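Shared between the two complexes below is chain A, which pairs with chain B and chain C, respectively.
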Partner chain A sequence: MLALFLGPLFNGLFTAMVVFLFATGLTLVFGILRILNFAHGGFFMIGAYLAFSLVKTFASDTSTIAYILISIVAGIVVGLCGLVVERLVFRPLQHVDEAYSLIATYALLLISEGAVKAIWGVSFHSIMTPAALGGALIAGDLVMPVFAIFIIGLGVLCYSLLEWILQHTATGKLMKSVASDPWMAGMLGVNVPRFYAWIVVIGFFLAGLAGGLLLPNQTLSPNLASVFVVQAFGVLIVGGMGNIRGTFLASILLCVIDSYGSVIFSEVPGVFFYVAMAAMLLMRPQGLIAGARL
Partner chain B sequence: MSNDFSRRQITKSLAAFGAASAFGSFTRPSFAQSAPIRLGLIAPLSGSQEVIGRYQLAGATIAVNQINQAGGVLGRKIELVTRDDKAAPAAGVAAAKDLAGNGVNLMFGVLSSGVALAIAPTLQADKSVLVVSAAAANELTHDQFSPNVFRTADHAYSRQRALAKLVAADYPAVSDWTAINPQTAIGTSNWDSFVDGMLQFYPELNKKPVTITDPIWAKFGATDYKNEIVQLMRSKSEGLYCGVYGGDAVTMFGQAAAYGLTKKFKVLVDPGSEFIIAQAMGKNTPPGLWSGFHWFYGAYKGHKINDDLYETYVKMAGDKHPAGYVGEAHTSVLAYASAIQKAGSTDTDKVIAALEGLEFDSCKGMRKIRKEDHQAICDINFVQFGPDDSEQGWKITGHRVIKDEGLSEEPSPGQPLKFLYNKR
Partner chain C sequence: MMSQASNSTWKRDAAIAAIILVVLVSLPFVTSKGIVFIAGTLALHVVFGLSWNLMFGQTGLVSFGHASFFAIGGYAFAWAAKIAPGIHPLLLFAGAGLFGSLVALIVGILALRRSIGVYFAILTLALSQIVYLLLSYIPALGREDGFTGIRRPRLSLGFTTIDLASGNNYYYFMIAMCTLLAVGLWWVMHGRMGRVFKSIQQDAERAAFLGIDVQAYRLRSFAIASGTTAIAGALYAPWLQLLTPEIAHWTFSARPILYTLLGGVQSFWGPVVGAVVFAVLEYGTRTLHGLSEIIIGSILLVVVLAFPGGLLGGLSRLRKRMNRKTIVTARPEIVR
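Entry: the complex of A and B
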């Protein structure tokens, strides 16, 4: 009985944190630069493939530490890619219509997919969960995979860290001020272009990191870029367009509703994410956390 | 060992044999008797199913090269013209229209049933023929039958009933089955066909009834299967039909490891992932998993067409494990070659007449295309996989060839498929 009621909650929370980890970088970049980065999924995928190659090369029996370190390395490499993208794509497009950046980031997505095919091929790959994160905790008839608990914890930790930085540090306050009025921030001496570059690097780093961390949960294929994109944009919109807290809450809300929906109405799996999204937008078209950037 | 082969390798091969499909699309149609016979391959050469499309291209290329090296058909070379359907119906129809517009009336390939079903109604108006090399939907030879469509591969009904026959014979102690299926037309079709086979063969072979428990339905392309896995773990069934296939099956089995799903079920079967699960999961391949194959090269060693195809493929792609799609695309070209030879012409109506009732040899032996519904009757292949300590990480632990004797339904073109035993 425990599994019947708490199982969908647990599984929904897990999916929510997967989506949140994916969407964090997307939210950050949109919240500050107002660029809807369609290529985010592509760089998430590159992070996953990089982590896969590192695991295959250096750590066939991956320890948890190695898995985390490899994910961080993947994040750093993707972050550096972000620096190039910022210089070559985002910066020239800052003062033109948003439609151009949409087209440019979509082109980037196609390029990243092509790069993955050229480097890693089109076959499917997978790696298993590190041994220490394998297995499951059992409470009554409720089975909770350790890896799922790890990802839930990681999602909460990531959110808490970002929330603390944004609300309680000078860096966070600077980020919020640049997000709300970059011109004024520039007038007050902030090097806005450099600040933007850092935000893009961090956003891409988070995409690559998420790719590495979520690698044991997904099958690798050049299709991976688009796997979470719809859900991520869904939580971004419902959350309030570029608000970390909103994205976090929307991830939980939509994914948990979807999880219960998939169990109760098992003949229409996956529909309830969109039903909940539509309902939320009807009730709160401005999003869960309206008006506040980041 | 990777199963990838790069565009460069394929292009080299095409150039070497003078069957450059990419350039073929730019050549003007010629009606001179000495001009090459142009066959149009419609396959997913980009998008999520590109990996399969590449197999189809490889098989077709090898067949064309072999035929041309042997002197061609009616003294004419064959030229391959490729079009990308992206595994999307609209792109498939556009590809077929484009081929027809360029004077290519003989087409083959098509992986996705949705694409095949979308193309089928357009063929008569365009005076074209489509030989389906992979799409398995039963509807193609039933309620959505088109006189211009043929299928040289096995179909969902025969394949899944063959799978049922296999498990009913090999695992008599496993009398309770359930499934996890994708919420797609082919997912439903596969499961219904498997159930039909189980309800017939299990009681016939084991003299006791079989129990079929309602399947768990999953979203096609889902990223998370935990809720479905939890439901499967609560099931009392001992046999699991894993209808989610390909990359989805890899994701599902990967996520299921923590729950011990593969240990809970005594038998695991898969409708047609072929090598995908084993190659992706390596040492974590579910032990004893049976997978449906369009063609398994290892089952036909000593058969010249099989051996030549296998050796050429390995040399061309550097991959020792060709997927069944290689063999099926190869087979469709052979079917056209036989039909054109028989008809003495590439005229659409004459080729259709020649394909009807055609018997021809292929990489998995003789096949016969039924005159009534244009469905080929052929062997059905299954391979069993398991983990291994080798570098590859997996091994083939068995394979089976099941003859289509009483597996396919009676032809009923234009009519919906009637299940004999599954009366749901």
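Entry: the complex of A and C
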């Protein structure tokens, strides 16, 4: 009985947190720079591949700490890529039309896909879940993999941390002020270009980190880049144009609906995410949390 | 003055089209089968790009799900040709186009009512994902393996019957159809409706103030573009003789956007130039694994960053600058 009613909820929460972890960096960059970054998926994938190589080279025993450290290293490397991308691509894009920034980030996505193919090849890879995160918890007839519980916890932790930074620290207030009026913030003495650079670096760091952390859950192939992008765009827009809280809530809403939908209509799994997304956009075009920036 | 200007555009565009047609028609005589196949596919991609630009460049609508209409047309044709082989193929192509327009109308009535800009883009993206997933689940449409065994039909024209399966017949048929579709799009863009579209693109609020039913015209633009693309998709089905759900994937929806922005939004020929450049790049780098994407991506990036108006936009800016120089050098003579 439990599995019938709570199983889809649990699975939905799990995919929701996967999508949310993927979408945090995307939300941050879109919320502040107003660039819808197609390449986010590409750099997420680079993070995952980097973590894969690091695991293969240094940590054959797949301990949990090594896995987290390696994810952070992958995040830092991808963050440095972000520094270059900000300098060469995002900064010049500030002055051109939105449609062109889309095509530029799509070009970046192609480049990152090409880089992955050239460096790691086109074959499929995967790694084992760290030993401590393997296995499952069983409540009644409901089976909950420990790794899924870990990811749900991680998603909630990540959300709480970002929310705390945004609402209760000086940095967060600065971020919100730049997001709502960069010109005014510049007049008040904020170094806006440098601030943007930091945001992009953090956004890319989050992409690489998510790539590493979600690695045990993925099969690595050059298609990985475009797997989550569309879902992430969906939660970003349904959430309300780039605020973290909206993205978090929209991830949960859409993924849980999709999870139940896929159980009830088992012939067409995955469709309900997009049906719910379209319905939400039609009913609440302003997004779940309207007006709020970040 | 006005009619004179459009008259000269008409002549210029007809001349360019004639040159392109001569090249396309003579291709089977001078090159290999592989190149002819690429050229035929390119013709479809050109229609795909041109119809997207009717929405974007002309009406200001950004659709991220244009590929779903290409797929809808293709699958509708393939399915109808399979269950009712007796129907005249021209009727099937027209039917596929109408079906695409109908779907666009239904979607558009819902979607265009409240959402515009980035919302419309994401909404059409969601739609295309639904189409993509459904195509890969429906058993009658071949699921993920694709719709196989699509035959090139026999075309009876009353006085004669052409077997499109033999030789390069289907290629010529496709070129003829694509020309018709492109001429149709040109005619829409340069006619009264096109000017109304353009006014909406430039300032929707002011257009509404002048008494234009903005929503109805946006809907028309969306339906025309989608129907045209659906016919291109229907033409694609017998060309490849196989359809896979990949043609509804969002990465394929990105194609017309790339063509248009690469070539230039403001010109009718922008998507054409973009599609040709893209095809050449793809063909030139086809053997380089991974490097192919890096090269295509880098070139796109350079074009976007260096020529924000696309290749044609950059060209016309260059020409303007040259003209200005000639005027400057000419001035002393006038003074003298």
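One rule holds for everything that comes next: the second predicted complex is superposed on the first by the 294 of 294 C-alpha atoms of A that agree within 3 Å, B and C clash if a C-alpha of one lies under 4 Å from a C-alpha of the other, contacts with A are read in each partner's own complex, and residues count from 1 in each chain.
Going forward, a contact is a pair of C-beta atoms (placed from the backbone, for glycine too) under 8 Å apart; a residue touches a chain by one contact, two chains touch by 3 or more.
Computed from a predicted structure; not experimentally measured.
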| item | value |
| --- | --- |
| Side-by-side fit of chain B and chain C on chain A, or clash | clash |
| First (chain B), second (chain C), both or neither touched by A:Val122 | both |
| Chain B versus chain C as contact partner of A:Ala278, first or second or both or neither | second |
| Chain B versus chain C as contact partner of A:Val268, first or second or both or neither | both |
| Partner chain(s) touched by A:Arg91 [first = chain B, second = chain C, both, neither] | neither |
| Touching partner for A:Ser221 - first (chain B), second (chain C), both, neither | first |
| First (chain B), second (chain C), both or neither touched by A:Ala104 | second |
| From 240-248, 258-266, 276-284 or 312-320, the chain C stretch with C-alpha clashes against chain B | 240-248 |
| Shared chain A surface residues [contacts with chain B and with chain C] | 117, 122, 267-268, 270 |
| Interfacial residue positions of chain B with respect to chain A in the complex | 2-4, 6, 47-48, 50-51, 54, 183, 216-219, 221-224, 226-228, 230-231, 233-234, 246-248, 250-251, 254-255, 257-259, 276, 279-281, 284 |
| Touch list for chain C against partner chain A, complex | 56, 62, 110-111, 114-115, 118-119, 122-123, 125-127, 129-130, 133-134, 137, 250-251, 254, 257-258, 261-262, 289-298, 300-301, 304-305, 308 |
| Interfacial residue positions of chain A with respect to chain C in the complex | 36, 89, 92-93, 96-100, 102-104, 106-111, 113-119, 122, 226, 230, 233-234, 237, 241, 267-268, 270-271, 273-275, 277-278, 281-282, 285 |
| Sites on chain A touched by chain B in the complex | 3, 7-8, 11, 14-15, 18, 117, 121-126, 128-129, 134-136, 141, 143, 145-148, 216-223, 227-228, 259, 262-263, 266-270 |
